[in-house]
Each structure stands twice: as structure tokens, then as C-alpha cells.
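Handing you a structure now.
We just call them A, B, C and D in the order they show up, numbering each chain from 1.
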Amino acid sequence: MTKNLALIGFGYWGPNLLRNFINIPNCNIRYCCDIDLEKLQEIKRKFPHMLTTQNYNEILDDESIDAVILATPTSTHFDLAVAALNGGKDVLVEKPMVQTLQQAKILVQLAKKRGRILMVDHTFLFNPAVIKIKELIDKGEIGKILYIDSTRTNLGLFQKDINVIFDLAAHDFSIIQYILGTQPKQVSTIGKSHFNNQVEVAYITASYPEDIFAHIHVSWISPVKVRRMLITGTKKMIVYDEDTAPAEKIRVYDKGVTLDHPARSIEQIKIGYRTGDVWLPKIDIVEPLSLMAKSFVVSITSRKVLRSDGRFGSEIIKILETASNSLKKGTKVKDANSFS
Amino acid sequence: MTKNLALIGFGYWGPNLLRNFINIPNCNIRYCCDIDLEKLQEIKRKFPHMLTTQNYNEILDDESIDAVILATPTSTHFDLAVAALNGGKDVLVEKPMVQTLQQAKILVQLAKKRGRILMVDHTFLFNPAVIKIKELIDKGEIGKILYIDSTRTNLGLFQKDINVIFDLAAHDFSIIQYILGTQPKQVSTIGKSHFNNQVEVAYITASYPEDIFAHIHVSWISPVKVRRMLITGTKKMIVYDEDTAPAEKIRVYDKGVTLDHPARSIEQIKIGYRTGDVWLPKIDIVEPLSLMAKSFVVSITSRKVLRSDGRFGSEIIKILETASNSLKKGTKVKDANSFS
Amino acid sequence: MTKNLALIGFGYWGPNLLRNFINIPNCNIRYCCDIDLEKLQEIKRKFPHMLTTQNYNEILDDESIDAVILATPTSTHFDLAVAALNGGKDVLVEKPMVQTLQQAKILVQLAKKRGRILMVDHTFLFNPAVIKIKELIDKGEIGKILYIDSTRTNLGLFQKDINVIFDLAAHDFSIIQYILGTQPKQVSTIGKSHFNNQVEVAYITASYPEDIFAHIHVSWISPVKVRRMLITGTKKMIVYDEDTAPAEKIRVYDKGVTLDHPARSIEQIKIGYRTGDVWLPKIDIVEPLSLMAKSFVVSITSRKVLRSDGRFGSEIIKILETASNSLKKGTKVKDANSFS
Amino acid sequence: MTKNLALIGFGYWGPNLLRNFINIPNCNIRYCCDIDLEKLQEIKRKFPHMLTTQNYNEILDDESIDAVILATPTSTHFDLAVAALNGGKDVLVEKPMVQTLQQAKILVQLAKKRGRILMVDHTFLFNPAVIKIKELIDKGEIGKILYIDSTRTNLGLFQKDINVIFDLAAHDFSIIQYILGTQPKQVSTIGKSHFNNQVEVAYITASYPEDIFAHIHVSWISPVKVRRMLITGTKKMIVYDEDTAPAEKIRVYDKGVTLDHPARSIEQIKIGYRTGDVWLPKIDIVEPLSLMAKSFVVSITSRKVLRSDGRFGSEIIKILETASNSLKKGTKVKDANSFS
């Protein structure tokens, strides 16, 4: 049975959502909503059969609508989602889910109470490269993970209502949480704002269970687009570069550190290196957003979110909020050693 | 007049020093010294005219020797340099100069007292790419510097007597100090040791005057060799990649953030982006080590160190020591926000 | 006034054309036509307001249709275009225009006779990188062009009705003809077919006026996608790589050969090299196909094809046919020097 | 027993040979010979124990000398080698061996008659990447080879006595002959000279047994240094790029063309594609020239050339001569199809 959806917000990401959702057979984008009349006219010209409106309530009042997709600025997510859930609609919300952990918790509880689907568009969880990395780790190919280093920079789209942590590190934390299957224990941030009220560059360190740590560098003011993650394990090492050719996104290095045992004392341990082949596993060439869109349509049919549900989104908000608070409390200088 | 030199230590770097010093016309490598007899025999076979010895004092006692070059493990630098300076020899010492700031200060004072030349081989100060970057910055091409991000990783040679900060971040701090012409005000480190007593991965943040900050990632356990530095300015941005083709080491991005003025309030400032050409300035293709070697020979002749003197080396040790101490004091977890 | 268009053929390229044409304001894709009913149903589902048909004549009979866009297999282009022109429709036809020069000439004449617009989708003529290269050459930045070397390979979509020359070299010849503004004088080909009746790998040499020559390597059986063109001039050299980051598609090398004059005889000329900076001019980030689509809509309104008209397409067919015939006549072995 | 060698010629390659030969234990570079007195003085300064001379006969008259290494311009190879062989010396000659096949044959016969070792420095035959490729092919990993495409370009060192084919294609043909184990049946060339009497750009096609063909592009006037070879097989494809990181020189693509059988007729064969992983086998990091040098010293001791003997060098000269003659006879235009 075809599901009727309404897409709210046609800024940067909305058109991508529209393009992917209209490809799904049992799904009908019935409404498009934005406050910009010109954008609505443009949509109407291309898709005369779609309803367009500046009035969100009109959509909530339409009983034929099964779900809303929220692609509006982050600061509006909470109110729009609350209204939709209260209106009996399922909700897909862009990342980051909301601006505070408190908001996130309320949404999760409200969805549960209303029996509505709440899903967050953490698109990377539907990225074939990320899924492949999880497979490799779960199969033990990498050994025990030692550390993860991620860089996500660009001369990017400054956000007015969220900082670079909520904007970009949301991706890194969602990927790491997905592949490790666990939350960080501690988070600490160093950051800086040059032009804005919002922090534009941040370096975040997170401690995960089993002595794994992750370091994340996010920036809106770097000249080069970089989305690269290093995962170092005791057996192998992975470099995941989202911006290379599709067939080369993941490189598995058969490299590692070797310890010559037995050694009588720690001083006698000889540390060596093992260097082997590099392997670039085949990655399916499919747009992750299309898989995310399909997954949402499956979710509202089956009444169960497979991946990236409200709780997952909420856990990411918890991390982002903690990381941002670490920053506000002046972490960046607190324990620095002054030169005297 | 030809200077007579003695080269001490034929591990990883010694052969490179020898190869470069023998190319300098008014310079004669008279002695080679190492505790490994096989290495000395190998040198003797290739260069029968050189004197080889396992006995460092033999060199110090030889009045024909003008200077010694110390390419031994860092933990030996201090004693060997003290002996050489007391023996009336000029000294070139590999980076890092010594293991502690106290040792560094003693050496600088001793060299001054004895009227001897003391130079530290911070080779990057003689790297044509680094010199070009300094030129660009000094000419104001980049505008005001906002932040510097440096990555220096490898599946590297673990050092037994120094950590990865002393080993690798010595390079980053020497480059940054050279191009900024100033020392950091504060330094803070997060790091980790997996296999060793020594820290193998470290993330260091340094605050410089004029609100500039630098972040440095060094690692001995990364599968890919990376030596890349980003310098973000208000007018342009530089990416310096030591490991690309010689003609492409420096990329100058004519990119930046624009603020639309006048604005009545901070909220009304519109932040935009300027994207222009990319420019790869020609870099002279010359081995930096050969320029460093020449500079040392000039220094011991002119009795004045042009660049990278003992004081410079000492300032770098101060930074490295502070960064390492920050780590020991448990900085990495102290101010992290616990999850409750 | 809005133009009504019909899009014929929904194989590989048709969906891209549809996506771009629906973005143009004064243009309406009224019909979609394909022999595959499933594809039509898919279009109908996404764009219920469009008419779909398996019957091309239905479109020709509809007087409201101003133009047809032919994205069908090459072997069908001629018949479909003849019918469209005779039916009073303007025509945009995918490259290669047709299968023979004779067909091309007939189409050009027919379009002229009927007063209809005939344009060929040589998309690269609307590629901002190609346009920038033409600008640089026209301004004399490169000096006199010496030779052009182009590689266009992939593990590609084998075509059944055309060889790799008609499929891929069509792009190279259209680019070269556009930037040089002239046709080749001679063409010679070496090629090979391994799996197919159609040649899958070809090396084509073309001589242009003013002693310029071009060499083109096209292949359907190469593991790596390469679309790279080198343009060597007396003053500078350009490398155009379509598959790098948008900001880096064109590299202008300030490099060249220098001749030391005066020399008493040819033997005495000293040949040297000049090596300078590399410059990556900013290229507008815009999809070339969208510019091509807009240009077609402008053409059918203004009744004048700005770029890539039937005559241009016809000249390309002449080259492709000559190159293919050179192959059939056994050029590849005729003058090879046998080993005895 | 230590072999005494004399190195003749200190232009571009001589210093590299010296650097590698002095590393070999049972080998002594006794003489260095060049017509440039300054170069000899420079060598004398660095290696006071070596004899230097401008007089080649002095070396030939010295009975202690076992072998000469000829690193002089190609046009001098024949006379110097003849004199050396007649003087009872073993000979290592730089590639290309000589200027004509006739000269090559005379040298091979003379070496045989005199019972002397004659080896040609085709360094790529000692390149670990090339050796690895041969292994992969011999083990059948690639399947049947379809075609080989090689590009070797630079803004290079123009040679006065040989064309770009003798200079650069010598490498490609030596590699191909080594990995295929067979000579080409036919060779055909298209080339051009812009500045010089010597051809500076050439495209060479060679037919090998079993329907394999190779295409080689060599150029002295390209702005970018490229040394890349593609080997396409029925099972896999190899890209060998000499100028990437040592660990990434060889990429093995598990890609290929698939034919759906059974098919009733050729028209019914469905051609498909198989795309799998990419694999970068580990390559030993060792300078090929050092392996070549060791191999020569082994050869003059064991009285048997393991690889790259006079006959191999002679076969390469035959190919280069044929390729150059093909060019002189005007191949490039003979069969081109004129536009009328």
C-alpha cells in the first residue's frame, strides 16, 4: 500500500530527499512545504501533481498523510516533530535530530507514547562503505581496534543555529557508534570561533570502552574537502576516504605492529612492523540516501525502525551536547601548561 | 679553508648526513665514529681515506677536528655535546636536541661560554617549501593566520628513548616557530601508548600570540605516511604536503570567508565564501639536508649560526617537554565530560 | 513562451536529459517515449502529468510539440530525426549524431530545407572546463599548440551499433574541434576487437592545420576510468582531467622548451627547459548537461543554434567515419615493419 | 675475490651507478673516467682512493681492471665497448646498448669470441614491481593478455644522439619483452620533432604473438612525469605506476569482460562486466639499480649473465631501430585517410 509523505523544507538537503523518495515505488510525496513561495512554485512547475503549502498545519490536518520528513533548520526540528507526532504522523528528521539532549528524550518518549515511528537521517549508516567496514570489524579482520582518527573539513556552509560539532561531527559519531556498537565514556573538545557565534573548528577526543579512543577534526574553514577516517587495529588498518572514486573508498592495509615474545621484561620487548598488501574491497555503487529513504518507507510499513531510530539519534545528541559543553566550559585552556 | 668534521652515529640518519657533507667542497669528513664495528668497516671499505673509531675521545683529542656532528640516539646527545663543547669543538646535533629543557639550557650556555657554534639539525628550516611558505606569509599573501593543522604519521620507527612528540612533533613545532617567528603561549596534549612505554599517538594543541592556534597529530602507528600542514588565513589558505611531487608540495588556495558589512548587529552579519584559483608555486628541487649541511659549514666558518641555533633548538625542547608533561599529568582525561 | 518537448529513449542518458530539462523554466517535457513499457510506467508514476507513449508517431502528430530529443541507440537516430524534421519538429540528437557522413549530410540539408533547428548533444562543448581551455588558448596563454594527447577509457558500456571510436572519440574530436576551431586534415587509426564485432580499443592520430597533431586513445576494456587531455603549447601546457575534483580539472603548467638563439647552425641550438608555477584556474561548478539543455531551449526560441549545430555534428561524423574506415582498411598492419 | 671496475662517464647516470656500486662488498670502483676534468676533481675530492683519468686507454691497459661500466652518450657505446672487449674487459653498458642493430650484433659476437661478459643496464628488469608483474602473469593470475598500454613522458632531458624512442621506449620494450618472454612481430610508429632533429614525441604500436598488442606513448615535451603501464587480461587487469608510493606501484583489478554462453550466434552473445576488489601487492622497497649492480658483479664472477645480457639488449635495439625506421619512412601519413 502506497504511503503518503510530506516533505518539509527545501534548502540544501530537501531536493536530495525529494529526488530519492520519488524513486521509491510504494511511496508518494504528496506535499511539499517551505516558507519560500518561489521554491514552492518551482516544485509545482516540475511536479504539478504535488500539493505545495507554506502552512505546516495543513499537512498535519490531512489524514491521508502517513509521515513527514523534516529537512528544515535544526532549531525547528523539535517543534515540528512534536506537532507531527501529536498529529499522529510518523517522522523522519534530518541530522542532527534536535539541539539538546532534553529535546531528544522528549521526542523519543512522545513517539513511543503515540506509537509513531521516529527515525533520524544519519545517512552514513546506509553508506555501503560504512556497512562494509562494520562487516570487516565484526568478522575480526582488523583485530582489536586501537584508535580511530577522523577528519571532516570543508570551506563549508556555515550554520546559524548549530556549531560545527552538531553539523559535522554528528556524522563521525554516528559512524563510530554504528561500527563499534557502543557509546563513548568521555568526550573532550578544543574549538574555536573566528567569524561567528558558532564554533567553526573543533577537535574532539572521545574515549570508548575497551580502551579505544577516537579523535575527530571538524572544520568549516578548511580549503579542501576531506572526509577521511582511519581505523587502526592490532591486525590491520583501514583508511576510509569518502571522496575518492567509488571503487577505492576503503583501503585495508595488512600492516601492523609486532611484538617479539617472549621477553623477560618490558624493556626487552622488541617492537617491529609487519607490512603486507593493500586491499580495496569492492563497494556497491548506490546512493546511500536512496537506501535511507527506502529504509524509512519500510519502517513506516513494518512499524519498526531497522537502523538510526530516535534512540540512536538521541544518543548522538547526547555526545554532541557533551562535546559542545566541554568546549563552553573552557576546556581548551583549562589544563594547558602555561609557559613561564 | 677546509673544515675537518667528525660524524658520530651511523644509524638511520648518519648515512644521509655523510652523503650530503661529502658533497661540500670546503669540508672534510675526517672521522666516522660508531659503536658498531661492522658499520665502521663498511665505511672504511667505501671511503678508505676516512678515519674510523669506536672511541669518541679520540676525536675530541684530535686538534685538527673543527666540529662534530651528533647523529646518535637522543639520550646520548647531552653528554656527547657537553664533551665536544668542552673539548673546543663546534657541534651540530640532530633533532631533538636533547631530552629536557634543563639539558638544552646548559648546552646553550656552555656553547656561549666556550665560544663554540651550536646548531641543531631542524632540517625543515632548510626545506625550500617551508622557506617559500614563510615568504608568502611574510609578504601578507595569506592575511592574518587563523589556525594551523598538521598531521605527521607513519608506521614508523619506534624510538626507545623518546616519545612520538619528541620524535615527530619536533618537526611541526620547528616549522611553525620558523614561519610564525614566535613561541606558543600554551600547549596541551592528548596521547596514548599501546605497545610501548613511549606514547605512540599524540594530539597536541598549541596557542600562539595573536589568537593563532595550532593542532598537531603525530603517530607511529598509522598505515599511511602523511606529512601535511594546513595554514588557514583570512585571505588565502595553504596546504603543504611534503609527500607529493616536488612541484606540487605547496598549494595556495585563493579561498576565504567573507563577512558582509556593515551589519547592525552580530546576528545580521552574513557569512559568505570566496572561491578562486589554486596556485602551486614553483619550489626549488634541492635536498633540504644539503642546504642544512652547507649552512653548518658556513656557520663554523663565519662563527655565526644563521638558522636553527642552540637557542632555537632549546625553545623547541621547551615546547616538547611542556607537551609531554601535559600528557603525563593526565590531561587526556582530566577535563573530559563524563557521561552519567 | 514555454516550449513543449518530447523525450525519446530512456536508456542510459535519457534520465539525465529529463532531470536537466525539467529544471528549465520555459520548457515543458510533455511526452516521454520508449519501447519499454515498464520505463514508461515508472515515469508516469513520478511525473503523472507527462504523457507517455510507445508510439513515436503520436508525438509527431501532436502539433503542440515544438521539438524532440533523441536519446535512442545511434542506429535509430537517422530515421527518427528525418521523421521529426519532416514532421516540422526541431531536433536535439545525442552524439554521435548518426552512423554515416551521408546520413549526417542528409539531416543537415533536411533541417535547412524544413527551417528546423538541428542540434547535437556534444555535451563537452558546454563543459565549463572546456570553455575555460578555449579561452586560455584564444588569449594566447598557451602559445602555439604543438600536440594534443587524449585518453578516454573505462570498463565501459559496450555499444552494439557503434564502435568505441563513434562512442568515445566523438567526445575528444568535438572538444579538439571546438578549441582549435578547425577540422583535421588526416586521420589514421589502429584498433582491436576482442569480444565483439565492434572495435573496443583504438588509437587515433589526427593531423590538424598549422602542424598540430592529436593522438586519442579510447577503450572500453580498461579497468580505470580516465578522461584526460594534454595540450602542449610553446609557452605553457594544459592538463585537463575531467575526473578530478571540480576545482582541479584544469592545470596550467608554466613549463616549456627554450631555444637559445642565435645559433650559427641547427646543431648549435641549445635546447633547455623552463619550469615555473602550476595554476589551477577556478572552474564554475555547473552541470554541463544543464547548460546544453538551456542552450537548446534558447536555440529553438531564437531559431539559431549557438554551438554544436547539425553542421558541427556532421563534421564530427566525418572524422569518426574516416577514422573507422582507416581501421577497416587494415591500417594497423599495412605499414608495420616486419621482423625478418 | 674483489672485482676491480672502472666507471666511464659522469653525466646524468654515472653518479647513480657509482653510488650503488660502492655499496657492493666484493667490488671496487678503481677508476673513474670522464672528459670533464672538473668532474674528475670532484670525484677525487670525495673518494681520494679512486684513480681518475681522462684517458680511457689507460684503463684498458691496466690489467687489474676486470670490467668497465659505460655510462657515456649512446653514440660512444659501440667504440668504447669494442675497445673494452678487445682489451679483455667485461662490459656493462647503459641502455640503449648502441645506435644500430648492426653494432649490437657485432658486440654480441665479439663478446662471445673474446669470452667476455656483456650486460646491458635495462634497470627495469631488476625493478621489484616489474618482477612481481611477471610473477603474476606467469602464474596465470591475469589470464590471457589482451593488450598493453604504456605511457612514459616528461619534460625531459633532450638527447642529442638518440631520439625519444631509443631514450624512453627502450624501457617499455625491455619491460614488455621481459614479462611476455617474446619479441614483437611488427612495429609501427607515429612521431614528431618540433625543436630538434630528433623525434621528441612518438606513439608506437607493436604486435606480439598470440594476438597481443602493445601501444607505447613516449614524449620529452609533456609537463607531467608519467611512467604508467596498463596490462589488460581476460581475468584481471594490472596498472603499474612507477611514480606512486612504493607500496602502491601495482594495482591488480579484479575486473573483466564476461561473455554469456551459450549463444546461438555472435549477435546473441551478451557482453557483461565483472567488477571486484582491487589489490595492491606488497613490493619490496629496494633500489632497482642496486640489484642491477649486484647482478653484474655476480655475472662477472660466475661468467654468466642472469638477465639483460647482450643478446637481450640487442633484441631491444632491433625493435627500437625498426620503430625508428617505420617513422623515417613516413609511416605517420602514408595510410592516413585524406579528407577530400
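Everything that follows uses one rule, which is that a contact is a pair of C-beta atoms (placed from the backbone, for glycine too) under 8 Å apart; a residue touches a chain by one contact, two chains touch by 3 or more.
All of these numbers come straight from a predicted model, not from anything done at the bench.
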Chain pair showing more contacts of the two, A-C and B-C: B-C
Computed distance of Cα centres, chain C from chain A, in Å: 40
Geometric centre distance via CA averages, chain C-chain B, whole Å: 52
Chain B, residues touching no fewer than two other chains: 275
Contact graph of the chains (line, ring, star, complete, other): complete
Of all residues in chain D, those that touch chain B in their complex: 22-23, 25, 45-49, 225, 243, 245
Contact footprint of chain A on chain B as seen in their complex: 146-147, 149, 155, 158, 183-188, 190, 192, 194-197, 201, 203, 205, 207, 213, 215, 217, 219, 221-224, 230, 232, 237, 239, 253, 255, 257, 259, 266-267, 269, 271, 273, 275, 318, 322-323, 325-326, 329, 331-339
For the chain C and chain B complex, residues of the former touching the latter: 247-248, 254, 275-282
